[in-house]
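Read through the structures below before going on.
Common to both upcoming complexes is chain A, partnered first by chain B, then by chain C.
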Partner chain A sequence: MRVEYINPFVEAAFNVLREVLDDEVKRGELYLKSTSQPVLGVAVIVGLTGDVEGRVLFDMKRDTALAIASEMNGEELATMDDLAKATISELANMITGQAVTKLHDLGFKFDLTPPAIITGENMEVSNTGVEALIVPVELKSGKLEINVAVRERT
Partner chain B sequence: MSTISSGELRREEAEKVENIDYKMVTFSLAGKDYGIDIMKVKEISKAKRFTFVPNAEPFVRGVYNLRGDIISMIDLRIMFNLPAAKQGEQSFEDMIILRLDNFLIGVIVDSIDKVVGINSETIQPPHPIFGDINIKFIKGVVENEGRLYLILDVERILDDHTEDKTSSPAPKLVREPRGGAEREKAEAERAGEVDYSFVIETLATFLGFYVTDHNRRWVKDRFDRWKQIRGENGKEVQLQEEQDAREFLSSFFSAYNQRFWGEDYRDAFKALFSDFDHEGNFLVWNPGCGPGYETYSLAVALKELYPDVHLKVWAHDQDLMNISTAPNLVFQEPDLPEYMLDYSSEGKNGLQFSKEIRDAILFEYHNVLHSNPFPEVDVIVSRDLLSFLKEAEQEALVAEFSEKLKPGGVLVVGDHEEIKSPDFESISSGTLRAYRKR
Partner chain C sequence: MRVEYINPFVEAAFNVLREVLDDEVKRGELYLKSTSQPVLGVAVIVGLTGDVEGRVLFDMKRDTALAIASEMNGEELATMDDLAKATISELANMITGQAVTKLHDLGFKFDLTPPAIITGENMEVSNTGVEALIVPVELKSGKLEINVAVRERT
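Moving on to the complex of A and B:
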C-alpha cells in the first residue's frame, strides 16, 4: 500500500471518532495482513475506485456497534435495528469521506461507493491477492478495526 | 457459514508472538521442556568431572572451575527427583551458568535446546496439576511452536540453598581438574561448537537474523574473527545482550547502508548493465528499501544510464517508521554525493529530489512475503533483506525473485549475501554482489 495513503486514513478515523464519540480514542500498532480474517460481528464496507481499486472495511463487535450508535444518536439503542445500522454506515461514510478528501488535497483521485453493512456470526473476509493495512482503534466500548485494502491501478 | 480455520488461529497466535519481549534459554529435564529467563543466564557450556564436595546435599554435584571462577554445580534432576541418566565420568554434560544477584551457580540439565523469544503476555500462570516440580518454583507456562515450556523461577529455587555455599572459602581447597592439555583442547573445541550454535541462536532471537546458505560463509568468518577479538579483550564469545549481537553484525551490512551511494558504488552498479541495451519501460523492484536512500541512489544511477526510458521503481518495506519519510525525503547538501546534485532541488526544509525522480518511485508499506501485484521487472535490488527472514521465508523470497525477474534481468543482493540457485549466474562487480537470471 502506497505510503502516502496511510496517514489520511488514520487521521480521518481518529478525527471523526473523537468528534462523534466525544471520548478518548487510542490507536493500536498498524500492521499488514494478507490472509483471510474473522469478522467480529458487524462489518461495513466502503468501496474505492479511481487511481486505486480496493475497499475499506470497518469491523467491530455487535456491542461496540450498539454503543457507538447509541452515543451518536443520543439515545440508548438495544437492538441492531435500521437506525443503528444506518448510524454505523454513516460513521464509515464519514471516515472514508474525510480520508478521500485529504487524499484529494495530496493529488490522488479516489471515488467511493455507498457503504454496505453486514451483520452476523462466524463470518470471515478474504482479500485474495491484496494485502490489507489494519488500523486497530481502542474505544471505551470495545475494539474497532479498520481494514484498508487498496492497490494501484496499473 | 465457514468458521475460523485452525490455521487462522495459529497465524493470529504468531502475530502475538512476534512482539517478543522475553527471551529464555530452553532445555529438557526428563523429557520435558523448561525455560530460564535469559537475563539470568551468563552462559552455557559443556563440562565433566566436577570436584566432589563432601557432606553436601545430594543434588550438589560438586564445584567446577570455570576459567578461574569456582562455582557450585547443582543437578536439577536430582533436586526435583527426576530420573537422571547415569553419566560416565568421562562424558560431557550440558550446563547452564546462572548469574543470580551476586553469585554464579551452575545447573546441570539433560540437554540444552535453544533460545526462544516470546511475548511475556503469553506466559500463563502455572496450574497446580504440574506434579513433577513444586509449583512455587514455576514462574509460568508458555507455548511456542507447538511445545510447552515451564519457566523456572531460578531465584526461588536456588536462593535458600546457595547462601552458605558461596560464602564458604572453597577456592583454595579445590584441585585443578587433572587431565592435561589434550582434554582441555577437546573441551575447547566442544565449547567452540556450542558457542557457534549459541551465537546463531542469539542472532535470530535478538535481531531476527537467520543463518542460512545465503550468508553462512560470512557468519563463519565473522565468528572466527569475533572469537579472536573478544578473546583479546577478555570478553565472552557468546552474545549476551542485544548490544553484543549488533556489534557482531555491524560489519555485515552492505556499503552505503542507510546512505546515498558514493560514486564508486554507483559505478559498480552501472557496470552491471554494460551489455544491457534498453528502451521503453524499465522496471525495478527494491524490497526492503528502508528510508529510501538506496532507492533514490539506484534511481539516479539508472536515469544516468538510460535517460530516455520510462523508469518505474517499486520500493517496499514493512517497517512503517522507516518508510513513511521516504516519499518526501529531505536531506542536506553535505549528505549528498556530488553527482546527485543535478537531480535535487531546494525545498522548504532542505534539499529534495526532483519530481522526475520522485515520480519514478512508488514507496509502499508492504510485506514482500505477501503477494506482489506488479509485472515482471528488469532489476531487483534487495540488499541485506534475505538474512533477516526465516529460512523458509528466504527460500520463498528467492523463488519470488526468480518469478518476478525477466530472463536476463539483474538481481543485486547484500555485499555479504549469496544466492545459490540454478536460476541465477553470478556477475558481481566490485564489492557489489549481483546475479543474472538465466
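Moving on to the complex of A and C:
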C-alpha cells in the first residue's frame, strides 16, 4: 500500500481532532493487517473510488464517540442519537474533505462516498484482498482508530 | 430517491441469487426509512460515487450468509472464515457489477468501491441526511435485505 494515500488522511485527522477537541492528540504505533480487524463499537465508513479504491474507517468506542460529539456540540449527549451520529459524520466529512484536497493537490484522482455510520457489538471489518493500515489515535476520551484499506485500481 | 438508481441493483440481485443458488427467490414488501436501520449480522457494504453517491448494503443473518457461501462453494462452511467472507464479497461484486453495467447503459456515471464486510451483533446503519430504501429478499436459507441509500450529488 502506498503511503502517499494514507498520510493525508492521518494528517487531516490530527489537524481536525486538535481543532475541534480541546485535547492532546497522540499518535500510537501504526500496524498493517490483512485479515479481519476488530471494530470498537461506532464506525464511520467512507468509501474511495478512482485511481485508488477502498475505504477509510474511523472507529471508536461508544463512550469516545459520545464524548467527541458532546464536545463538538457544547452539550452533554448521553446516547448515540441522530444528533450524535450527525456530529460524528460531520467530523468524518471534515477529515476526509481536508485529506481529499491534499490528495487532489498531489495529483491523485478519486472520489469519496458520504459517510455511513455503523454501530454494534463484537464487530469486525474485512476487505477481501486488501490490506488495512491502522493508525491508533489517543484522545483524553479514549482511542480512535483510523483504518485505511485501499488499493490501486486494477 | 429516484427509483432508476435502485431498480438495477434489485434486478441484478435477483438475477445473481437465482443463478448461484438453487432456490426460490421471493421479493418482500419494500419500504423507505430515514433513520437508523437494523443490520442482521453480516453486512456487505459497497460505496457509490459520481452523479449518484451513497452506498448499497447487502445484509443477512450469519446463518443465511453461511448457507449462501456453502452453496456457492459446494461445501459446508461452518464459520464466517476468510473463505466465507470472500464468497459473500464475490456475490456482492457479481450483483453490483451487473447493476453498474445496466446503469452505465442508462447514461448514469458513477463508480463503486470494492465490498467491505462488517459482521457483529445488534448492529445499526445510518447515513445522515440520506433516506434508505430496503428491499427484502426471501430465500430458503433466510432473509437477505438490499438496503440502498443514495442521493444525487449536490
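The rule is short, and it goes like this: the second predicted complex is superposed on the first by the 154 of 154 C-alpha atoms of A that agree within 3 Å, B and C clash if a C-alpha of one lies under 4 Å from a C-alpha of the other, contacts with A are read in each partner's own complex, and residues count from 1 in each chain.
Basically, a contact is a pair of C-beta atoms (placed from the backbone, for glycine too) under 8 Å apart; a residue touches a chain by one contact, two chains touch by 3 or more.
A quick note: this is a predicted structure, and the numbers were derived from the prediction, not measured.
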Which superposed partner A:S36 touches (first chain B, second chain C, both, neither): both
Of chain B and chain C, the chain that contacts the larger number of chain A residues: C
Chain B versus chain C as contact partner of A:I117, first or second or both or neither: second
Touched partner set for A:V20, first chain B, second chain C, both or neither: neither
Contacts of A:R151 with chain B and chain C, given as first, second, both or neither: both
First (chain B), second (chain C), both or neither touched by A:I45: second
Touched partner set for A:I6, first chain B, second chain C, both or neither: first
First, second, both or neither for A:D82, with chain B first and chain C second: second
Contacts of A:E131 with chain B and chain C, given as first, second, both or neither: first
First, second, both or neither for A:R55, with chain B first and chain C second: second
Common interface positions of chain A, toward chain B and toward chain C: 35-36, 122-124, 129-130, 151
Chain A to chain B touching residues, read off their complex: 1-4, 6-7, 30-32, 34-38, 122-124, 129-131, 133, 151-152, 154
Touching residues (chain side chain B, partner chain A) in the complex: 1-4, 8, 11, 15, 318, 320, 323-324, 326-327, 362-367, 370-371, 373-375
Chain A-facing residues of chain C, complex: 35-36, 39, 43, 45-50, 53-55, 82, 85-86, 89-90, 111-130, 149, 151
